[in-house]
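Before I ask anything, here is the structure I am working with.
Order as written gives the chain letters A, B, C and D; numbering starts at 1 within each chain.
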Amino acid sequence: MGKPNFEKKLTIAVIGGGRCSAQEAVLAETVGRELAKRGAILVCGGLTGVMEAACRGAAIESGLTIGILPSDDPTDCNPYVQIPVATGVGYARNIAVVKSAQAVIAIDGDYGTLTEIGFALKSNIPVVGLNTWSLYRNGQEDKSVIKAEDAVDAVEKAISLAKGQKLD
Amino acid sequence: MGKPNFEKKLTIAVIGGGRCSAQEAVLAETVGRELAKRGAILVCGGLTGVMEAACRGAAIESGLTIGILPSDDPTDCNPYVQIPVATGVGYARNIAVVKSAQAVIAIDGDYGTLTEIGFALKSNIPVVGLNTWSLYRNGQEDKSVIKAEDAVDAVEKAISLAKGQKLD
Amino acid sequence: MGKPNFEKKLTIAVIGGGRCSAQEAVLAETVGRELAKRGAILVCGGLTGVMEAACRGAAIESGLTIGILPSDDPTDCNPYVQIPVATGVGYARNIAVVKSAQAVIAIDGDYGTLTEIGFALKSNIPVVGLNTWSLYRNGQEDKSVIKAEDAVDAVEKAISLAKGQKLD
Amino acid sequence: MGKPNFEKKLTIAVIGGGRCSAQEAVLAETVGRELAKRGAILVCGGLTGVMEAACRGAAIESGLTIGILPSDDPTDCNPYVQIPVATGVGYARNIAVVKSAQAVIAIDGDYGTLTEIGFALKSNIPVVGLNTWSLYRNGQEDKSVIKAEDAVDAVEKAISLAKGQKLD
């Protein structure tokens, strides 16, 4: 008889567009691989583009992938999602994607990604950005989205922030 | 016996922070008044700050106000909401606020407002901004949020856009 | 200059199937008419079947109709909805339909209606039933769904319950 | 380098009240254990009562447990949930709980459980019941909730149905 597992696992959300360029797909796949190598669970929106590339990277390194889908059909997910969550609540699932993680990595992305960044920041969940949105409020830059230089840098920053560590 | 009313009414969403300065409250109240004077229904998130000020303005001019609440309790709304919609879906209600309107006026606002701007733009619903977020993607400005000079300008632009008219 | 309207209006939800027989449509239309005659706002799911018939009845008597839609497109509603709320949250909108009312009238209906009955009862919102679900828990009848004899009886019971009055 | 995991895993939802008697807790814990022994992933609402007992049972047998929470705080879950999904959509998460599974086991339960049964049946997801709701529509029994005799019977029926097999 085993012992119950009380520990919550390190979980990082990867967000980005449902369509992406080949270059961004490489970036997302590398992020997925680097997360899996460090034992993090990858949570995402479960669909195509950045989401699929990140899941593919994680799956290659045998990492666990969770896809939180807008539809109510768990088979709508990309083939690298191991645990599909079929929310049935449409793009309200964007909230669940970021709230289920301890940190978020945003890669490129369109307006949907912007809503996820907003929901994460609203809840003080750290967001690390790779070629993504910059925000100005009333003419002043809001530096809450922490810029990363490359995939490894994004993963390392996200994991540090997820663990509550300060960045240098 | 009356005839059924087939016409959908002009509906404008006003979004902004749950807390706001006195200056922003005046701006929001003026927006609410000007919308009501032009016969538009005001839809908002139903709570305090910019939302309450805008509803107060509309109520003063006998305009109709709809408050789409995060909670499942219709009495959570500000006193100027005539029709509370208690969604029970938390901040997923941000989607409903903008999707129920033909155009959106954003006044100042925090990350919640940013998510509403994102959901509106994702659905090609025009957004007019007063002292609110500016967006840059990959270093380039995204000019989708149309800047207004004052409350009257915002209302006129929003109504024109809601009717599918081009701005000069 | 008018005074702000502080009073929340009497709002009754009508729930039932998106497809219904001619007999049920007559029942629903009568419910809608009787609600409007008594000044109640009708809130529903905004689609076809029982929802459309009830809205048609209310519109005939110049009553106000609100349709809380699953989709994010306000034009998805039936032609008798005056105020469409496009939630974008799919069938999670069932919660909003019942929570926005002070009492619920269930007419016939399928499993979606069953979920609305459940959400209403979970929140102690009274449910009056016309040819709808009966519930048994562990072999014992749950009499929370109050049976009505006809449309007028349903409307009168719902309005009494909405006002916090006890039934005879 | 591993191969991507294309296979979706057998996932069963366990639904029931947030409060439950000692007897029901034993039933739920046994259901959780029997699911884990058969390699099924357990998905539930992540909270107390039947949900916690089922997760505890699964955790004892080293099964994987997913808790789909109403709140936006992943730490709101019971200690036996390994993967919390913080939806932030309130009881709209009931949809996600059942839609993420291939079959549902309902144990006792209150009106929230009734809504989950409704959402499952609406989507043709099989529901196996242990001491739970029985449904009558217009006076006729709706036999969609398949009765089980005990925990093992419920688990075996749910897994057969999840795999698309007919029951004897």
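Remarks
The rule we apply is simple: a residue touches a chain if its C-beta (ideal position, glycine included) is under 8 Å from a C-beta of that chain, and two chains touch if they have at least 3 such contacts.
Quick caveat: nothing in here was measured; it's all calculated off a predicted structure.
The greater number of contacting C-beta pairs, out of the two interfaces B-C and B-D, is seen for B-C.
Which listed pair repeats A-D comes down to matching contact pairs by residue number; over half match for B-C among A-C, B-C or A-B.
Of all the chains, the one whose CA centre sits at the greatest distance from that of subunit D is B.
A straight line joining the Cα centres of subunit B and subunit D is 40 Å long. A straight line joining the Cα centres of subunit B and subunit C is 27 Å long.
In subunit A, the positions touching at least two other chains are 72, 88-92, 95, 119. Residues of subunit D that touch subunit C in their complex: 89-92, 95, 108, 110-112, 114-115, 117-119, 121-122, 131-139.
Residue ranges of subunit C in contact with subunit A, taken from their complex: 72, 88-92. Per the touch definition, subunit B reaches subunit C in the complex via residues 1-6, 8-9, 11, 41, 43, 56, 59-62, 66, 68, 72-75, 79-80, 82-89, 92-93, 95-96, 99-100, 119, 123.
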